[in-house]
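Once you scroll down, you'll see the structures, which are given as structure tokens.
Two complexes, one shared chain (subunit A), two partners (subunit B, subunit C).
Moving on to the complex of A and B:
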């Protein structure tokens, strides 16, 4: 029965996460022996103090960020695909990622890296954060507004795409008029990076993502009803507007936080739900949502590992790796459409 | 459930409305199967959507046991009215059991957990519609008829006193159509529910419906027991076409013959008579019986059995045939 299949896969995924997490701690641009890694974690003495610093202050937060970021994006993608009845929906499609990027672009290119509001002045990184939040939330507010006007899910999706285009062109404009350094910083940010969260920012990051993930778990029952379409779902007692708004708010929170801290990350939100569906064979969110959540973590940790593979030779940018995992999955799904049951 | 002076239609924005029907008053009777019939564009779907609270009415009252429907919230309504529609769904990846279980949502708690009673109701409904053998299959693997039965089972487990179906037998073959109509009638009577469905399958509707609602743009809603409406000529007036007639005897519509040729027909029983006339009408012949003066001077077709037919012309010439195929070739 599907439920126990979900539990089985869930268990397997948790083990995989554990293994990948450990691997993310053990490997990096600086070679650190495995023994030292273990010593650091259990609080013992380490040969070089710098190793302890790297593991605890760099690799550990990076692995945690990857884990939570992957889960956040994957779950967001799943919720969007269900509510918009569109297998190609994802956080970037609604323009929320682009909105966050616009906020970041405004801060980096226009405001020169800092914002002063009243008596508060934000430092560079914090300004980027605030910019991303503001941008994502602004686009989200627009989507919410249109969602309350339109009953059709497809129309809301198209509006999201249009908003994405408009914000993209605003970003291009800002880049056009910016300095070379500004464009360069923005470009680097745009490549995606799990290493951007320091240990003091970590609680806030993990906390926000956790809130979003808990909200999504609470939406499992209405998500299943939405598989029937909005008329049947209404007949089952679901308030479509309320549920859609809560869902979009949750997605907005998750994508704004991840984009703000890690940059716009492509493909995880789009491909992981499909991977989960292919693995489980079911559209039932009771097992699909938790498995998607865990799978997102697995994929993100895997991508992070690939990024640090060159070791001493450097780091591959994240957004160069994710399409290699995500795009083949999508192409596979599209080509095998007829054989895949959740498409019919 | 009943309505008084109900108006149904659409809001077109800017305060304008498109009224499809006004001043409708009706009673949906409990324990009966009611069929809504009418031409395309008569407003059947609009009426059904208004009754299932999927669309607001434009005026008048719509009451369930005395309470106006609009005063109830969606949670309350979900326990009163169940629907079966023709909407496309994303449920291919759900098993039949999981899909039917969705119908229990109005009765279950936060995560949709099923208790023993829920499971019992689900199993019973799947059994009642006759797809127990497919319970663990995915919806994507089912035929159209089986999928429709699953949707009906889902409406059943909602345990609503009223079930509204919009063309439930639309794409099904005659066997499935009869199975589903019989099932719905049984549910209405045995479980004392109120079932209303719209259909274009007039043949089955006249057989299985306890009550008919005839809806047309010109004449609004004409409701009554099936046989009363057939025998008082209401079926003739349902479709406003001079060239389409209703056969009171056989309960079906047929096209008026364009008067090209005439023939007198005599047959040894009513079945042979009916089908001989059917064949001749198709070939443009208007048929009269032997005593009809309008048939004077015409050829007569005598049908003794299906394999023994002959033409007799006015001058006495006889042509014999041993099947309808031969006779029609000899016209």
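Moving on to the complex of A and C:
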């Protein structure tokens, strides 16, 4: 009974998210007493005004960003794995991340961080966002094109990896001709960061991720049909090309928004769907997609907590943490491929 | 009390390297530089550069000999450099700018990282072909280097970088410019006396340094007169980290000498420390001043800062409009400050204590526009 198992895990994950979210608000580089955290959240008076500011302006948006970013990446990973029928597909593997990065690099390095049109200047983040989306969609379009030419999903995956390499080399070239500061800020951006979204950008970020997530939930049925193989899906009356395009557009939206705001975050998109499958022992998207979505939030919130472990002495970059959680899962999945039920 | 501490500090520096014995040659007294020592002998000058990461070890010993005289017979162990240099390759803009100021610009035959050099004169010379661009500093164009056959390379050593790669095999003396690891402003500037000796302009370098030292100390004296010590923070958040200059960093000494209270002065790092936003905010929210440097085509404004990262607006310095910016895109911050710490100090004093220097107008910094 996968549905009830899914519901059980779903409930458990929601509780975990609640606990982790609270922990993300309560713990940070500086020590804020628990009482002050609670007072801040219920709108009471706080001993130090700076504590309230830190919790509301820094920790809260960061925790929300982590939650949504984790879910978005995990769901994109799952959709890509189903579309390409390949367990190793993911936004970073297929070069979609890198495409978004190239867009960002173009904006950051060539235009000095902002596009000026007359006296109006787009804020830096908006131009970065547009760059990321354009880059991600360009790579997706290329992959789509090749996937219509090539029958084998493995070949499409390899094409994705190749596109990723070409895009990275374009990025190195851009970096080579950029200013030292430009290279530095691009490099730092590449380490990933949930703290880049501030409260006034948050509605936009959460809104666009939510649109992507809702779309993905609506796509559960066709995703299940795709699992049966393209021919079966077509027999079920599903227009494969159309569905695949919608799926990839959704992935593009989710990846571009998260990459633009948080940088290219590695491994969450690849590893979380596997964690969810291992938990559920099924590939049925009815339960797999919601569990992946929640699991993504759990993992991202956990990574965010690990980043602040050094306390007052500093922070660990996000992309130094995610592979530690992601890579072992992938290795486990590959090594135990024969034994794991959902591969058979 | 503070004056006392400063004077004790200055005196202790002075006593450091005053021993002179016959076998040591004549010691050239360096009052501030901690990683450098120089001794004059009859037919050569011996210069020792300490390893900046392990001060008990000598990184390199140089023997500067007159290029127009035959090589002395009894030279000790060390890298022989024939001075004055005629065809040097310089890797960084700051040293090019110093050599130019010392009047030895024509001795520069090649540079690395030309595109990062904020010096018109070098770009003009590169166009004319009198200065060759050797490309990336970490992997210079070795063929052009061999073709040029310079008489010395001036470059900065990095920790654990595994040497300088192929240029080490050319047999060209490599001058390790470890001045950037000096922690005090005058300590770093004092290295100009070594560079002056390389280019045969020792007197000029010595007198330029004496001038810089005098001005710097006069300004520091003026700053000590201030009754208040405004608090200061610096830099901006990049990604998840805010790279804050450590308490033992060069910049921290500048703030102290300019009569400010640097809020991270108790930190023990001499480089930068990556801190989280909340750590900086917790300590720096009430800071009186906030100094930033950045490289952008358009100057930063308060509004742009808030758009970049809204929580910046929570700092007092932001609300009271006490943020000063230095746009290194067109201001020669990196090129000038190391060898003109007095000019930088003057700017800082003007910012922290405007009444003490009523005549001075800011050279590096500007208060951000709305």
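Here is the rule we use: the second predicted complex is superposed on the first by the 321 of 344 C-alpha atoms of A that agree within 3 Å, B and C clash if a C-alpha of one lies under 4 Å from a C-alpha of the other, contacts with A are read in each partner's own complex, and residues count from 1 in each chain.
Please note the rule applied: a residue touches a chain if its C-beta (ideal position, glycine included) is under 8 Å from a C-beta of that chain, and two chains touch if they have at least 3 such contacts.
The shown structure was predicted, so the numbers you read here are calculated from the model rather than taken from an experiment.
Would subunit B and subunit C fit next to each other on subunit A once aligned, or clash?
They fit side by side.
On the chain A superposition, what angle, as a multiple of 10 degrees, is formed at subunit A by the C-alpha centres of subunit B and subunit C?
140
Quick check for you: in the superposed arrangement, does A:314 touch first (subunit B), second (subunit C), both or neither?
The second partner, subunit C, only.
Which partner does A:263 contact after superposing on A: first (subunit B), second (subunit C), both, neither?
second
In the overlay, answer first, second, both or neither for which of subunit B and subunit C A:10 touches.
In the superposition, A:10 touches no partner, neither subunit B nor subunit C.
Classify the contacts of A:177 with the two partner chains as first (subunit B alone), second (subunit C alone), both, or neither.
second
Thinking of the overlay built on chain A, is A:58 touched by subunit B (first), by subunit C (second), by both, or by neither?
In the superposition, A:58 touches subunit C alone.
On subunit A, which partner's contacts cover more residues, subunit B's or subunit C's?
Of subunit B and subunit C, the partner in contact with more residues of subunit A is C.
Quick check on the superposed pair: does A:196 touch subunit B, subunit C, both, or neither? Answer first, second, both or neither.
A:196: touches subunit C, not subunit B.
Report for A:225: first if it touches subunit B alone, second if subunit C alone, otherwise both or neither.
Only subunit B is touched by A:225; subunit C is not.
Looking at subunit B versus subunit C in the superposed three-chain picture, what is their shortest Cα distance in Å?
Nearest C-alpha pair, subunit B versus subunit C: 40 Å apart.
Can you pull the subunit A residues that subunit B and subunit C both touch?
Looking at subunit A, the two contact sets are disjoint.
Considering the complex alone, what residue numbers of subunit B touch subunit A?
That would be residues 52, 54, 74-75, 77-79, 81-83, 85, 87-95, 98, 102-103, 105-106, 108, 110-112, 136, 138-141, 158 of subunit B.
Which part of subunit C faces subunit A closely enough to touch in the complex?
115-116, 136, 238-241, 273-279, 281-282, 285, 294-298, 304, 307-311, 314, 328-329
Give every residue of subunit A touching subunit B within the complex, in rising order.
1-2, 82, 85, 218, 220-221, 224-225, 227-229, 231-232, 234-239, 277, 281-284, 286, 341-344
Mind listing the subunit A positions that touch subunit C in their complex?
Residue positions touching the partner: 28-30, 50, 53-54, 57-59, 112-114, 116, 121, 123-125, 176-177, 179-182, 184-185, 188-189, 191-196, 198-201, 263, 307-308, 312-315, 317-318.
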